[in-house]
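Two complexes are shown next, each including chain A; its partner changes from chain B in the first to chain C in the second.
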Partner chain A sequence: MNKRKIIEEKLFRAFSAFATYSLVVILAFIIIMIFVKGFGALSWQMVFDTPKGGYYYGGEGGVLNAIIGSLYISVGATSIATIVGIPAALYINIHLSRYKQIQNTIRYILDALWGVPSIVYGAFGFALMLFLGMNASLLAGIITVALLIIPIVVRTFDEVLSTIPKGLHEASLSLGSTRSEMAFKVIFKQGFPGFITALLLAFGRGIGDAASVLFTAGYTDLIPIHLDEPTATLPLVIFFQLGSPIPEVRERAFAAAALLTIIILFISLSARFLSKRFSKTNLN
Partner chain B sequence: MYLLKKEMMNVDKLNHVNIPTNSESILRVNNLNVYAGEHHILKNLNVKIPKNKVTVLLGPSGCGKTTLLKCMNRLTDIYKELSVSGSIHIENDNILNTTKNIPSIRQKMGLLGQRPYPLPVSIYKNVAYGIKLKGVRDNKLIDYNIEKHLKEVGLWDEVKDRLHSSPQSLSIGQQQRLCLARGLAVKPRIILADEPTSALDPISSKIIENLFRDLKKHYTIVLVTHVLRQAVRIADNVVFMSNGEIIEQGTPDKLFKNPQSSQLQEYLVDGN
Partner chain C sequence: MLYRRIVSDKITEWWMVTSIFIIVILPIIIGFGLFTKAAPLIELKPLGELVGSSTWLPHKKEFGFLPFILGSLYVTLIAFLLSAPICLFSAIYLTQFSSKRVLRIMHPVIDVLAGLPSVIYGVWGIVVIVPFVSDYLAPLFGTTSSGYSILAGGIVLSVMCIPYILNMLIEVFNTIPLGLKEASLSIGATFWEMVKHTVISKGFPGILSAFGLGIAKAFGETMAVMMVVGNMVQVKFHLFDSAYPLPALIANNYGEMLSIPMYDSALMFAALLLFVIILLINLVFRYFIYRTKKHE
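== the complex of A and B ==
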């Protein structure tokens, strides 16, 4: 290697390493800051209790209502996104592979929908809610968040499916599968780990989004029992408390942010664990 | 040329039978044309595939061998850009112009690809897959067939203790034999093999070639290859293609000892 190439190589490596480690440091800094700022307010009461009178002025209670509300909304929305997203991604990837123009147009639209800010989904969900004569409720929140995350599930899973070699399609078809049998019995199984990634991305976005539930899910100190009742969510707990002039309340906002991070981390790790287990046991 | 002649002498001793001109054909391709957009890939092909023989589609890369093979089980359907005209008769059915269900046409032919593509399920389920698609639900019958076809490809002893593990644990040569067993399990009439040894080591390749010699008693084999010596070793019938056209076809004796066209003459020299 000549000197120029060696310098180029070293420079590129140094730059890549700098980019990688600075990202890690920034992310670590964000998480540490949230935990440090919220540590004083983190308690079992916060996790297992609903807000009591005057909670938002520093009174007793916790945010169990928002934890449950956020889980209800994100699990509900992710379930809808799964039911709609899996067949849609398989259809786009397999059945539309012969119609490239339609396939590309649909992909383009989904990419655009992915990029639409969540406040727009919130506004749309709100308009839809009024049109249907609904109140701000768990159901309206679930539907709006589902609309927000469906493009994420479909496009992520679709991209994973695109990496599956055409040879596997051909092998499966030549054994006498119909396209749908191939899609569900072979291609879906092959792409299953990618599907889990898609769900996790979508779940993370759904549970962490404030703008889409601001108008649609409402806010309440109670734990919702029915779909037509309003519900609190963790992002809104953070949003409302962060603007408070009382330092203890602002500290609770950070504690809620830490909780949200822990929930996402826990769900992400357990889903990956289950996905690995499933891939193994699936063979039996 | 010397190596080729030596190989031919060995093979003559082994198994070659000259195909009688009136040999019964199981598959007939007539006036087959395939276009990819403006590009004329296959140009008015006419081929007869004799029953229970190994027919080798030979030719340089990109000459249209694989496309011809994919026409035979309508895998060309999944490529919208390909337009196919002409006729391909299996026995008396024209498979290109049929409303009959395509999966059952494809089940008449087992496909073996350039590299093995095991399904993302266990070794057992790989072979069971096609059997179940044929509507067989009796577990004993499925077990019987799985054992039979794994034995047929010489894989049973190697995998009988780990039928429920992933095929990824097998070597690539074993995976290719698994794919062959999987294809045989749907009881095809014809085996379509698209350069099935190109990703394999010489020993695994030899196992596959030997298998083909045995399997032709029960099946008709169409083998795509650009390895001349492989063609010499196992072909009963050779179709030499170049640039989307069939240049010559006939017995290996006729083609390899006395090539008529300049393309085949060049190929025989360059191939050695």
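== the complex of A and C ==
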């Protein structure tokens, strides 16, 4: 009886350790495979050139148009999400702090929205676009991605804000500040590391998401200058070029994938670094 | 001075309320927007026929969504079967067996896995999983396969779901009171017995919710699955054959959407279907989680 217990204990301990460390192996495997495949075709021309004539038959050129397009969309969407999301998160934690029921309902809705897949946002963005009489453009892409990342911004920032002690609210109110002064001058500063995390998380999501911009942002070889012009994005470049029958073009899709992976890794590492750095000066 | 402060307070508050309002009615707007676009199709055919029929001939206005719904279900099922045990055991390891340091090391790993875009998973699937399925797994089971199959889709999808489910499970296991675990250890349970009888059974609603939300996430995943699953309209389930999940249908056909009559409202109906299913699953299991949190 005792022996069986010990064996069971050992077995499950080993199995659960195996499951955990296999995650590291899987991640390393994915990143190494992407890099091994991608670095062959990766060159400065890839990064700093737009597609030239005959690019899609293996000719000269790069994916600068898509890199810039993705950055535009992601920066634009993150800005909109910040303008809507940050005050919303502050409102939930400050003005609604006495109404737990409403607070929880709003969080519940946001969590459910976070779970909605990006293809649905893409389809909705397309419907909205037709309704407003717009064409596939930078602006339509920005709006769609903004809708996608607003729940992420609000909930991530909200999680940090909800840990800020109530005493801080009371202290600043007792000194005579209005509620909105307290929100932006005291609570926002306390939650700044959370703000950075939320921003970078949303930015990374925006830059990597393909399904939402598939309908709305269009595709072009040019770098967009106005908001009503269509734009290429990095994930879609990867997706479309991977479907090409020409090997050189496919190689470039792998290179673009390596590029996107580097960008995402950079964002995710800087999110970690920055939020640690800013939280050093905090009270709690 | 005071007047200016009051005015700026009012303006800020108005801005905050507007933001909240936009967010709260967003699900209703999305649902309504998709419904308006899908309405012509719903008027044309009864709902039961749309969901239950399996003839897909857009040119003849025959829209049966059954193959796509089943395709999504198959891929999701495979992904769930592969990822659930890994998630459960790593969550147990990270919260019960290992030291805090391991969790600190594993956190960035989970974050990066969650942060990789789905296109990257798709590329990895094409480079690694598809050849693996066609060259090794299919011969092993005595069949041939192009590799672009339900199995490949399920494998790629399972890796994508792991960080999502794992994060929720870790949260669930962290809420289990320490006293309960100590009590069970003090009456002579081994560590694993403690996990089995207190952690898993106490956290059961939470585990169920995490799995449910993971399934919802898998159901709606588009790009990665679409790149490896083959995209052929089929009703029969075969592990090594291709399927055509619902999100892939929407993403693949937006080009022809406006050239065939009713096709755009068929695709919008597919999006509406996806939205309703996933929102419902989310609402139900999130409610579960809120209920369990309240009891503490």
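Please note the rule applied: the second predicted complex is superposed on the first by the 243 of 284 C-alpha atoms of A that agree within 3 Å, B and C clash if a C-alpha of one lies under 4 Å from a C-alpha of the other, contacts with A are read in each partner's own complex, and residues count from 1 in each chain.
In the analysis below, a contact is a pair of C-beta atoms (placed from the backbone, for glycine too) under 8 Å apart; a residue touches a chain by one contact, two chains touch by 3 or more.
Predicted, not measured: the structure shown is a model, and the values here were computed from it.
In the superposed pair of complexes, A:G85 makes contact with chain C only, with no contact to chain B.
In the superposition on chain A, A:R155 contacts neither chain B nor chain C.
In the superposed model, A:S97 makes contact with chain B only, not with chain C.
With both structures placed on the common chain, the touch criterion links A:V186 to chain B but leaves chain C unconnected.
Contacts of A:L168 after superposition: chain B is touched, whereas chain C is not reached.
Which of chain B and chain C touches more residues of chain A is settled by the count: it is C. In the overlay built on the shared chain, the residue A:T178 is in contact with chain B and with chain C. Shared-chain residue A:A17: touches chain C; no touch with chain B. By the touch criterion defined above, A:F215 reaches chain C but does not reach chain B. Chain A residues 178, 181 lie at the interface with chain B in one structure and with chain C in the other. By the touch rule above, chain A contacts chain C in their complex via residues 5-6, 8-9, 12-13, 15-20, 22-24, 26-27, 29-30, 33-34, 37, 83-85, 87-88, 90-92, 95, 104, 106, 108-113, 115-124, 126-128, 130-131, 147, 150-151, 154, 178-181, 183-184, 201, 204-205, 207-211, 214-215, 235, 238-239, 242, 253-254, 257, 260-261, 264-265, 267-269, 272. Touching chain A in their complex are the following residues of chain C: 5-6, 8-9, 12-13, 15-17, 19-20, 22-24, 26-27, 30, 33-34, 36-37, 85-86, 89-90, 92-94, 97-98, 102, 106, 108-113, 115-124, 126-128, 159, 162, 166, 190-193, 195, 213, 216-217, 219-223, 227, 247, 250-251, 254, 267-268, 271, 274-275, 278-279, 281-283, 286-287, 290. Listing the residues of chain B that touch chain A in their complex gives 70, 73, 75, 77-80, 103-104, 106-107, 109-111, 113-115, 117, 119-122, 125, 129-130, 133-134, 164-166, 179, 182-183, 186, 192.
Chain A makes touch with chain B in their complex at residues 97-100, 165, 167-178, 181, 185-186, 189-190, 192, 282-284.
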